Amino acid sequence: MAMNSTGRGDTRPHADTAVGQTTTFTGNRGLQIEEALIFEQGQHGRTAVDLPEPPKVKARLGKVKPRGEIGLPGLSEPQVIRHYTRLSQKNFAIDAGFYPLGSCTMKHNPRLNEAMARLPGFSDIHPLQPISTVQGALEAIDSLANWLLTLTGMAAVAMSPGAGAHGEQCGMIAIRAALEARGDKRVRVLVPESAHGTNPATAAALGYVVDSIPATADGRVDLDALKAKLGPDVAAIMLTNPNTCGLFERDIVEIARLIHEAGALFYCDGANFNAIVGRVRPADLGIDAMHINLHKTFSTPHGGGGPGAGPVVLSEALAPYAPASAVVRGPNGFALVEHAEGSSFGRMKAFAGQMGMFTRALTYILSHGADGLLQASSDAVLNANYILASLKDVMSPAFDGPCMHEALFDDHFLKDTGVTTLDFAKAMLDEGYHPMTVYFPLVVHGAMLIEPTESEPKESLDQFIATLAYLANRAKAGDAAHFTGAPRLAPRRRLDETSAARKPVLRWRPTEVLDEAAE
Amino acid sequence: MANLKFTNDHEWVRIEGDIAIVGITNYAQEQLGDVVFVELPSVGQSLTQGKDAAVVESVKAASEVYAPVDGEVTEINPLLLDQPDTVNGDPQGNGWFFKIKLTKPAQLDALMDEAAYDALIADQH
Amino acid sequence: MRYLPLTQDDRRGMLAQIGVGSVDALFEDVPKSARRSGPIEGLPFHEGELGVERQMKALAGKNLPAGSVPFFCGAGAYRHHVPAAVDHLIQRGEFLTSYTPYQPEVSQGTLQYLFEFQTQVALLTGMEVANASMYDGSTGCGEAVMMANRVTRRSRAVLSGGLHPHYAEVTRTQARWTNFTAVDAPADVEGSEDLAALIDDQTSCVVVQNPSVFGYVKDLSALAEACHAKGALLIVVVTEVVSLGLLTPPGEMGADIVVAEGQSIGNALNFGGPYVGLFATREKYMRQMPGRLCGETLDADGRRGWVLTLSTREQHIRREKATSNICTNSGLCALAFTIHLSLLGETGFTRLAALNHATAVTLADRLAKISGVTVVNDSFFNEITLRLNKDAAQVVEELASRNILGGVPVSRLISGRPELSNLLLVAATETTTPEHIDALAAALEDIL
């Protein structure tokens, strides 16, 4: 059996003596309201939208019958507003506090972005309106594209992918298309062990065999191991730079040279672009394709899990294979190439791209400018190193030396304390912090990946450092119960993920149905 | 028991004539944590030694179970479909995964006996 | 700079703590050949809000908003009225600036609304389970086909001639590069295709859109049976989700997977994105579903709560063996969808659907009277195909010059087919007024 030993702990909460808390009649705790599901609050016939009575017409539904009852609950507007307001109060957010999730770049989401994206000239235009009526939209896409090209030094950019992973697929298909166009049927893709799971998933889905490259003791790709794995059957390398351990791959130019010499191509995962944006152009490192997470580096809001956008910058070699749709500048204005022509590998998504994210990212970029972006990446790296330097003696950095925009620790400092990385993270919740990324990258035991971003004030970093030091010392002092029973103050204690996976309940059902099932 | 063998990858094999019963060891289930789902091969499927035979999932990990020997699947354990936690509770008994009809019985000779396996996991601790 | 809190004093102090003289010292690993001496050339410097606003407003001002003129474009994106409450709620910082609910104890807001969303999607589609959303309908369509391939262990998909051409292209692109076959039926302008004839025992699925891109509404029960008889799955695509407020849902017609574009509910047109893909299937296929799933459970104090579950299907765990490489869902767009649907409720949603259909009937009847116009459809929900006596793309340009956005020419979606060049897709929603219809009719009478 393939062993997965990253040190991850239990997924069922420990039986713990109940926390001594004030109990209330309602179960509510001050501002924290126990909110039922909308389905448990609905009433027949109630609605929050006043619509006119439809005129009587002869239906044209062909042979399809009108449907019976759907089962949606009816609520009034005050109830709906209250429901979602209460739900929002159970969420941690960047607006509320420090969100140091490594590899996610949880920087401040500027409100100007929201205002600009909502201008009717952007939000109220249809993707298939005549091109003459959306020249401003095409110009905005072109403008953002030009910024991305200049910041990266690359030759072309595919704007249509809907998220980072989608962009990865776009870049890898372009690579495969380019290789096949020259009659090259290479079957292997090299991926560092530390890569994000989307990398091997993307490669495997395209039919490639994924060959893992180990890291050296200092957390970078093992160049000798890489050389040994090169051969005429290698299609590409998928490398993240800075890598998932928060370190700059110092051999990257040499890696690019070796890859190209072997006739292969270089895909760069741009998730960590925030460390170098405005300072280093990935083209100067030798890459052929890189996706950019607009929701990471360029501040479009994370929105509870999406939407994102993942435009992909491409080298000259890959530019011809870019997918539809594409904005092109002509003598009489902008045009939209909507049908995959020539060598284009096809279409990734309907319409022209995540316009709502383009306007937000463009707003952010115009606000920062070249100087602001350089300052942003500099501050991001400074902040991460400040945390690393301040905690290196009380916690255990995974690697020696400075980091880039994120600092990686392992769980060595928790050895023999009875406290796991997971327990440590849960204790942070009670202190008012969202934990850092845990158990990623997989190459480090009990990984803790801290990415502060540039939008964190020093005062906030200082309090964070003091808190982590306090928790580390408390764990080392032997107070494991404090951690294993955490959190105690969050809207929920630890949740039983095992039962959720064994007996999945993925929707609400009316009790009558459940009672029947029980009989 | 002479008819109980182990692999480096923490599978156990109990031999009954020309049928081998396969599961994962107690050490393996401890490392895995609570098992939430087991994906079993199909009856009649041919398995090759060392290649993927089944998948055992916990909440946070999905691990391949490899075929310890070549053979054809004759039976899969129906208990695991509804009660995957049996793998945790009785990994080397009721938590068996599948039975195969051996095509190359000589392969068993290369597998470890219980003493050798115990030594292996003692080393890993 | 307003988004960068560190002061020069801060930076000095921090560098001292780290033990380096400058930030540049932290970038020693950057190869010398890639180092630069300052900001990247050729790009402007930072700007205050006023300056940025001016630039963005200038760009926005070069577009014609749909709400400012008579508007009839559909073809996969629809203009509906979104109540003011939706946008206010989704802009709450706890929704806007939160992340994927990896720490469920402090993400119950997100998890509860995802659970409600999944329930709503299952109810609307008439299916048993739904996921927490895909990027959009078109990528959901591709994912549905790949799921059908996994479930049936076959690799030949049949695509209806009524499937939105962009959706078909996305699916064909996936087919080409992830090694399966997609067979296209010819464009089903008359609504008369016989897909059952294209199913063989190598077919993993048939993908059909209802209402079709040409507007037709069909009972797919017979097709479902034909699929199942050959061991294939029926995938039903719905690009106008409001239609589910009136029509028999795909689940009751025998669909195995339903993929829908949720944009019509809660989300503006936004020039094509971000949108929100709805994905629903039968419980027996649950573990083969791509994307995130939210499940109910209990916490250590026995209180009900929610978590992301069945994650082992996903890329961050299965890596090469994942059901999909998808990472993100369309969170905020899914929230907008679920809030809008909560506001509508049963009464509001069914009435909205009825209004859409009634408006489309009025539109169809009015346009049918114009010489030079034939309404091709004998059935529709809120979108019809017109056959014109002139090139449809040119007519649309002419209408635009008269400040009418008169629909989407089929040639915009399907290129290189001159015989389709006189076809125009025209949609009506509850936002379409009698004055709009009159304006369009008058203009067409003039032009044709």
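To keep things simple, chains are lettered A, B and C as they appear, and every chain counts its residues starting from 1.
The rule is simple: a residue touches a chain if its C-beta (ideal position, glycine included) is under 8 Å from a C-beta of that chain, and two chains touch if they have at least 3 such contacts.
Please read all numbers here as calculations on a predicted model, not as lab measurements.
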Interface with more contacting C-beta pairs, comparing B-C to A-C: A-C
Longest centre-to-centre distance from chain B, chain (CA-based): C
Averaged-CA centre spacing for the pair chain B and chain A, given as whole angstrom: 37
Centre distance in Å when chain B and chain C are each reduced to the mean of their C-alpha atoms: 44
Centroid spacing, where centroids are CA-atom means, of chain A and chain C in whole angstrom: 20
Chain A residues counted as touching two or more neighbouring chains: 497, 500-501
Residues within chain B bordering two or more other chains: 36-37, 57-62
Set of chain C residues in contact with two or more other chains: 312, 317-318, 321
Chain C residues within the chain B interface of the complex: 287, 311-312, 317-318, 321
Contacting residues of chain A [partner chain B, same complex]: 1-6, 8-12, 439, 497-498, 500-502
Residues of chain B that touch chain C when the two form their complex: 36-37, 55, 57-62
Residue ranges of chain B in contact with chain A within the complex: 9-11, 24, 28, 31-34, 36-37, 56-66, 84-85
